[in-house]
Amino acid sequence: MKKILNDPKHYVPELLQGLLAAHPGRLKAADGELHAIVRADAPVRGKVGIITGGGSGHLPVFLGYVGKGMLDGCAVGDVFASPSIDQMYKTTKAVSGGAGVLHLFGNYGGDVMNFAGAADLATMEDDIEIATVLVADDVASAPPERAKNRRGVAGMIFAFKIAGARADEMASLAEVKAAAEHALANTRSMGVALGPCIVPQVGKPTFTLGEDEMEIGMGIHGEQGVRRGKLQTADEIAQQLIDPILADMPLAGSEIALMVNSLGATPLEELYIMYNYLVGYLKSKDVRIYRPYIGRFATSMEMAGASLTVMKLDDELKRLLDAPASTPFFDQGQFV
Amino acid sequence: MKKILNDPKHYVPELLQGLLAAHPGRLKAADGELHAIVRADAPVRGKVGIITGGGSGHLPVFLGYVGKGMLDGCAVGDVFASPSIDQMYKTTKAVSGGAGVLHLFGNYGGDVMNFAGAADLATMEDDIEIATVLVADDVASAPPERAKNRRGVAGMIFAFKIAGARADEMASLAEVKAAAEHALANTRSMGVALGPCIVPQVGKPTFTLGEDEMEIGMGIHGEQGVRRGKLQTADEIAQQLIDPILADMPLAGSEIALMVNSLGATPLEELYIMYNYLVGYLKSKDVRIYRPYIGRFATSMEMAGASLTVMKLDDELKRLLDAPASTPFFDQGQFV
Amino acid sequence: MPTTLTRDQLVALLDAVAADMIRDKDELTTLDAELGDGDLGRTTEWGFTAIREALAGEAGAEPDMGKLLFKCGKAFADKAPSSFGALMGAAFMKGGMALKGKTTAELADIAGAVQTALDALMERGGAKLGDKTMLDAMHPAIQAMRGQSADAALGAFFEAAAQAAQRGAEETQHMQSQIGRASWQGERSAGKMDPGARAIAMMLAAAARHAV
Amino acid sequence: MPTTLTRDQLVALLDAVAADMIRDKDELTTLDAELGDGDLGRTTEWGFTAIREALAGEAGAEPDMGKLLFKCGKAFADKAPSSFGALMGAAFMKGGMALKGKTTAELADIAGAVQTALDALMERGGAKLGDKTMLDAMHPAIQAMRGQSADAALGAFFEAAAQAAQRGAEETQHMQSQIGRASWQGERSAGKMDPGARAIAMMLAAAARHAV
């Protein structure tokens, strides 16, 4: 768990500079603020702008979804830290094409409070209409009766995809907001950690796990999960991640999008092993996988582990999910 | 470095079953042989077929590049082990569209000997014309005078891309072979390992590295590198990987494709930090980056570390590199 | 004669408290790793470093105590934009607004400013007393400040507040987190001390040590 | 009277050698980790397990010694398709071709078959003597076999070959790898024993132990 970096203090600015150098035709810094990354063609006139924001260390989350068919911009914080009000405000302004801006981000205290401040600023100073949607998809973080309290994890990617496609249809801010909410009402996630990661400026792991331990339900910054126990088989792990989702959101008879996501170090091979089990298990529950997403979509640097995200589909969600999208980190063309 | 798996013996078959379940419209098993993965639409009539083969544990290498614009098929071995002659032969037969088949794979003894056997079989029994091109791009593995002896690493992806695009132009087997050779004559790689990986059936790391050590030039199966030493900064590491490439292949005044590749656990953030340095360093050497590839393209499961691959470009290579391609693991559309 | 805190004393006090908080940050990291995400030490380091920089610069020259505190709060929130950072920033800003125009403050002014800060926190963060947050240390601290006579020594004034805050922080061990990251632990949050509450107690204890 | 090896003895001997190689695989893994990629133990386990399975099945019932060996070689190469597997498979297959039609073999036949196997290896793998490969153990073993009289005891015959192979394997420590994975170590390969050569010595030593 060693890192390739220079000064830990420069971890985020250097990666952002590298990012802008690598994708000059696709991304730019808003108003000279490196921590406010927006589409190179922002603002798109007449289209609702969609931005997110959050800490670094989760690539492709968050800024990796800035591009055609998904997000217009992203406010970038330090590793696992919220961006500032000012960074969020600059991002908002830069993507405002006259049709309003949606703030779509994970339910984390710092982000919530700072986005509220940025929304106030944009409304007061620039007359930009702002709508806010929180992602709170992690079933491990609170029981159904406190579902609003849940933290946001990989489910946000489905929300980005759906809201982005709806905005591309030139829908209104209210419609784009409704699409994001509709996606999230049908989205649930749960993860497992097998090994920790290190925040560069901290220099040591936030948590430790024994050589044969795993933690079911752990959060993407190392927040404690629901249960720590002996490492189990891929099939057992997959079942323990999908069952709470099935309990939270009845799926029998439905079609779903299923994301099998690595938290970083866990290789793609293992995701396909889990997927292989899930296909059969879900079939036995009368659930059909309409579109799988298998890979590294939301990570915690070099954390080992995986998460599952399910979005229950209807015709509208299918249409919006199938729409093409292209960012430097996510490409979805015509092929399945 | 714990793993999500069931029986280690089933690691590869289960991941292949998961793969076929996930991408039924794009991939299929040739002749019922799970270890012979080919395009769902194989054979493509009249087009030169291109196949590769090698051990598992390197996703997206090898089978991740089977798809439009790249490979037609891939023979899949167990983790870090060569596929068998029979598996290579079945793959060859399944992609043969009448214009011959190119065997394009890394220079590893087992693969070389088995592909030779498969080529003999395909020629003798099915009259398929076979051409063979070995990838030997790792400058750390042998000095220039023994360049043919070098092992093949991430450079093979550029060869897949170039040869695949040329085959899509309906070029002849000789022309496709020449394109692959031309790409490889201009391709060099070098890597660094920061931490090991575990072969499931072995259960313990092949090598160990001290908490503050790295190994420059290490191979993707843990083959010893050129130098073990204290972990250095991202800038120093990047320089030590690019300098031997520059020494091996003069680049002043050229345009290049540059791949910054994670071996698995190393997060994307760190690749962008390295890229940020390389942009300036290469500029100071009068080298221009025409197209960057930054991500996980050739891994060793959860190994920590990174590699650089450079392909020196001319007009033909640019044309073929820019051509679209789409596989379940690699999408290159119209955007840079 | 009522005890007063002058503008210059405030600057020195803030700077000394900030220095102590930076020095002692690891305890907060440990508490936050238990209950949250283990970044509270980093947040306090960033935030209090921003305060020290502000004091060394333009804000330190500000004659108006209220404006001075407001600027410190803005610096804190900008440089440490986590939950604690956003809230602490708001607390300093609102507390500063309560002292606007003053160049010296009496003890009652101080208690009043901290009350204003608490109100701002509740409004901004949506937490109530008993939710297991820093509010549960600030509230008893204000009570203790209010219980001091107007001519109490500054050190004793802060000491009383610090002790009350610490008791409040310890009380949080018996609470179940209702808000923020720690709430994700549900029942398992019981038995652990809220890191934000402990941070408040540490700040006040540092103030007691350095008040002269 | 010249010593002979019957078909049934060959089956028993192959099975016993295979069992020993599987048991002792870890030594080969360790050597290969030093010089290559550390999979030689896994390769020998897979390959010799395939041989045992072949012997327990159809191949074991084969009356023709040559065909029997050929089938064992094919099973080895199919199930252990690494460098060693491909080469050892070819060696058994070609060695078997040299014994085609036989139901008993004299010592000279055995030496001849191993020589044919060696030639096949050199052709298939492109290595020469001195390149630091298993050839450097096989070659002296064949010399030692040729040095035995036709009526030497089977055990002594294999023992002489095993000792020569072991000396050959030890000699590889002074060589620099010219081919295969180990060649990537260049000069650093010197001082380490070639794992494939050691595997040959182990196989012959097992044969000496079990030959009756």
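Brief remarks follow.
Per-chain numbering from 1; labels A, B, C and D assigned in written order.
In the analysis below, contacts are C-beta pairs under 8 Å (C-beta built on N, C-alpha and C of every residue); 3 or more make two chains touch, one makes a residue touch a chain.
Quantities reported herein were computed from a predicted structural model and do not represent experimental measurements.
Where contacts are defined as at the top, ignoring chain B yields the following touching groups: A, C | D.
The minimal number of chain-to-chain contact steps leading from chain B to chain D is 1. Among the chain pairings, A-B comes first (most C-beta pairs in contact).
Taking each chain's centre as the mean of its C-alpha atoms, the one that lies farthest from the centre of chain C is D.
The centroid of the Cα atoms in chain C and the matching centroid in chain D are 77 Å apart.
Distance from the chain A centre to the chain D centre is 56 Å, each centre being the mean of its Cα atoms. Note: centroid distance chain A to chain C, computed from Cα atoms, is 33 Å. Chain A and chain B, compared by their mean Cα positions, are separated by 29 Å. Counting partner chains per residue, chain B has no residue touching two or more of them.
Chain contact topology: the protein chains form an open path, each linked only to its neighbours in the line.
This structure has the following touching chain pairs: A-B, A-C, B-D.
Every residue of chain B that touches chain D in the complex is listed here, in rising order: 77, 80-86, 108-110, 113-114, 116-117, 140-143, 146, 149-151, 199, 201-202, 206-207, 219, 221-224. The touching residues of chain B, when paired with chain A in their complex, are 1-6, 11, 14-19, 21-23, 25-26, 56-57, 59-60, 64, 68, 194-195, 211-212, 214, 231, 233-235, 237, 264-277, 279, 292, 294-296, 299, 301-302, 304, 306, 326, 329, 331-333, 335-336. By the touch criterion given at the top, residues 29, 33, 36-39, 42-43, 77-87, 90, 124-125, 179-181, 183-186, 188 of chain D touch chain B in their complex.
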